[in-house]
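Paired with subunit B in one complex and with subunit C in the other, subunit A is shared by the two complexes that follow.
Let's look at the complex of A and B:
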């Protein structure tokens, strides 16, 4: 006679009380789509782009233009230092500053969303939603056009250059998204920890800063870096407003070279490659950190 | 009684406003420039050879030379700010730049916004750059066809309103010209001197400037509106007058390889010193 084992010989049913596994109400924000996509690109990608960029003049030459490949190389070679030192360094500066401002404000706003004070929580939620759902370009236009170009305090004149306005304009959406990351990360910590620390006589603030937030940092880093990569890739939109970053200067360089069509692919291809080479390692690192920090509850 | 009081007040107000406009010169911009020892000039960075970049990233060109001379005459340093057609007047209004020499056509509506002072330093008319294959000969042929232009340029209005073309406006020259090469439009509407410079550069084989030039329109530099009839405006008038008189503009035209225009020669004659020779 066969032995009867519930769950094997029959459906697993029991009338005994069972402790089900904990199901987190929230998960740590996993908005890593961009990094996953970028990190998934083959390293052949920039090589292909570069070779297309460099072989383009051959094609153009075959079209019967008198402009030779060497001319095209020459032009890019001449402009390369300028585009890198003036243009791309500026792009990096803008993205760094934006991330800094956006992170500081975003953390404050995110904590505001978690505030037990109803008004603060609602107001923070509202601000977050407004900036998270506004088109970046619209925010940029508002900031660029409404901010003064300099402040005068007493005798000192504090200039506000265009790139600084761009930083302010770009940091608004970044702030809102960081705010969501903070809120999501805090909510992803099991609520039992709040109850446990309350039972140990921790105040709400102590619980948040000593118990919850230290656990959050790890889970916030990958989405935070993901946002940095997104932001870096989005920085060229400030060129529309005349900020002199790499894309704008590339355009001016092409114009200075008489706007030859043979130059278009090499120049823009070059810009694409430097953006890729900068963002790709960040994406790879983000994905690695994500794997390392992933929490399985 | 009340009526009388009201009308006298109104008259007094009207009189005082007249008096105010005559002695309104605070010369804020001029004083600021002198005080800071720095003249901020808005110039083009994508308009070869009037304003463009060299490979070191410096702004160079005919208008930059003019800006440098203005600053040298005032005895201050010059700071060049690259402007676009769409933001040059705003920059001047905001006070971000003190002076604008940025290939701007002198138009009545613009005179209301910025302080345009004569005599105009250059002139150009409206024309198009188009492929020879399309055999354009007259403007009417552009009706209902896509034409590329640049945002903020007044040529767009002309071809749109007068000849019913569909203008696609781009932020910069480079994009507009590229769109023309990509056959997104049948022509690029712009000023004839710039198109001429492009054609001379040799990179536009198979293209030409087929239309009769329309609306020869002088170019103007501009100071802030409040400075127009004050020191700065008068000073810039003087600078332009002298450039015409001593042929400096003709020399610059030659230096930057621009086809010489009859306008500059005529102005040179017109302002010639009658005692010279």
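Let's look at the complex of A and C:
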């Protein structure tokens, strides 16, 4: 049987076996695929999601009982400003502070891992591995229970509130993971770049800060923002330790409304939705960062 | 140091270098006088690139001595940065900094390492760009330039440091035949201006034309050397004859 030969002329045929061009059956997802998609949606998108997600639990739950849909909507409506301005803003604050502390320490630790001094490199490596492989909750408990609730320097007493301890506890695993991101990104730059700048008499420090790190930023952004998202979604665990962030306040709000079971899904559903919606600004910010630091390789 | 211009600017004596148990250089000696152009040729794996990488201390050596302007390169107390200000190097894979434009690539080292005045360096960099015939490409990033253009930026980048010796490590091996010529012309002009050059190359025609002295290495030793005319037409050693027979 004559077979068509692709790529020569449309009339070309042969009876020999034909090797067809390779077509992959799947496309590997992009690193920032979801962020790109989400950031591409218009500003109406979060509003629509919010209204849909807020309305269905009332509809589903409030049928037949004497506590009506209007009652639970009313309750949520009363609590919503409080939950948002006191609870969720605080959650964001904790995640920002944690990311800030974790990033600064993580960069230092990552550069420490790359140090030519053996002791520094090994110590940084050890610290990184310890905190990268510890359960977050255990670290939180240790920090919560072992840190004093105030410092006294001379006559001034500096109180250390619970949320600050939570920031310290959460920033430890973030720090360790950012340390690995920095180390990995620096190691991914070809050694030829080190040689080229060495042969131009750049010192090690200049090479690292002027040549290598600027090439790494773009590579570090997706994993870095990824860790911010993971961290934000993990912040509710600090509620276990009594920090008054959004989850804790939601529980208190339900208690204040006589613990009505009809309120569970609307209230916790609301928390779920605002966390989901928060990924929208994260996505937009990620895509902006990516453009800002793009390097034409 | 007591180096004077009648002494070799680069002097390599009995250099041994191994990577683990693999001995790459087994006692290599050669001298380069100021203004001289020497070419090192030989089959792959014969230690050519290793040898010139040893000259600016990118590789260390196990035995022997290498001096540049009378200064021992493998002295542990040597200020490597001082050495590398005197010795420029151009690589096979260009190794330009991808996040900087052509002009910035050239200006970086003089401004940051030699702490020279930025405006003065920029003026000099523009002259160098002109010299390697890349006018109009000042603001292009390496990713936007062809291989030959990138390599010429790399040469200009090295020259901006005003080195006394230039090392070229198979600089045309990654280029297509047409762009090879652009780069060779640039090196030839440099040699004609009296720059001391050490080249590792596979371009025999070019070596013959531009070199003052040819060294042939095989399996870690220098088998034969001489001025191009005698070397190419009157090779004595059977290994040289065989090598030249294969490629000419």
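Keep this in mind: the second predicted complex is superposed on the first by the 216 of 297 C-alpha atoms of A that agree within 3 Å, B and C clash if a C-alpha of one lies under 4 Å from a C-alpha of the other, contacts with A are read in each partner's own complex, and residues count from 1 in each chain.
Rule of thumb we're sticking to: contacts are C-beta pairs under 8 Å (C-beta built on N, C-alpha and C of every residue); 3 or more make two chains touch, one makes a residue touch a chain.
Bear in mind that the values here come from a model prediction, so they are computed numbers and not experimental data.
Residue contacts after overlaying the shared chain place A:256 against subunit B, while subunit C stays out of touching range. More residues of subunit A are in touch with B than with the other of subunit B and subunit C.
Once the two complexes are laid over each other on the shared chain, residue contacts for A:74 go to neither subunit B nor subunit C.
Contact with subunit C, but none with subunit B, is seen for A:202 once the two complexes are overlaid on the shared chain.
Contacts of A:82 after superposition: subunit B is touched, whereas subunit C is not reached. Legend: residue contacts after superposition of the two complexes on their common chain; A:193 is shown touching subunit C, with no touch to subunit B.
Judged by the touch definition given at the top, the superposed model places A:210 against subunit C, while subunit B stays out of reach. The interface of subunit A with subunit B does not overlap its interface with subunit C at any residue. If you check the complex, the residues on subunit C that touch subunit A are 56, 58, 81-82, 84-85, 87-89, 91, 93, 95-99, 108-109, 112-113, 141-144, 157-158, 161. Within the complex formed with subunit B, the residues of subunit A that make contact are 65-67, 78-79, 82, 86, 145, 148-149, 240, 242, 244, 249, 251-256, 258-261, 264.
Considering their complex, residues 45-48, 52-57, 82-84, 87, 90, 94-96, 171-175, 177-178, 181, 198, 201-203, 205 of subunit B touch subunit A.
Across the interface of their complex, subunit C is touched by residues 192-193, 195-203, 206, 210-211, 214-215, 295-297 of subunit A.
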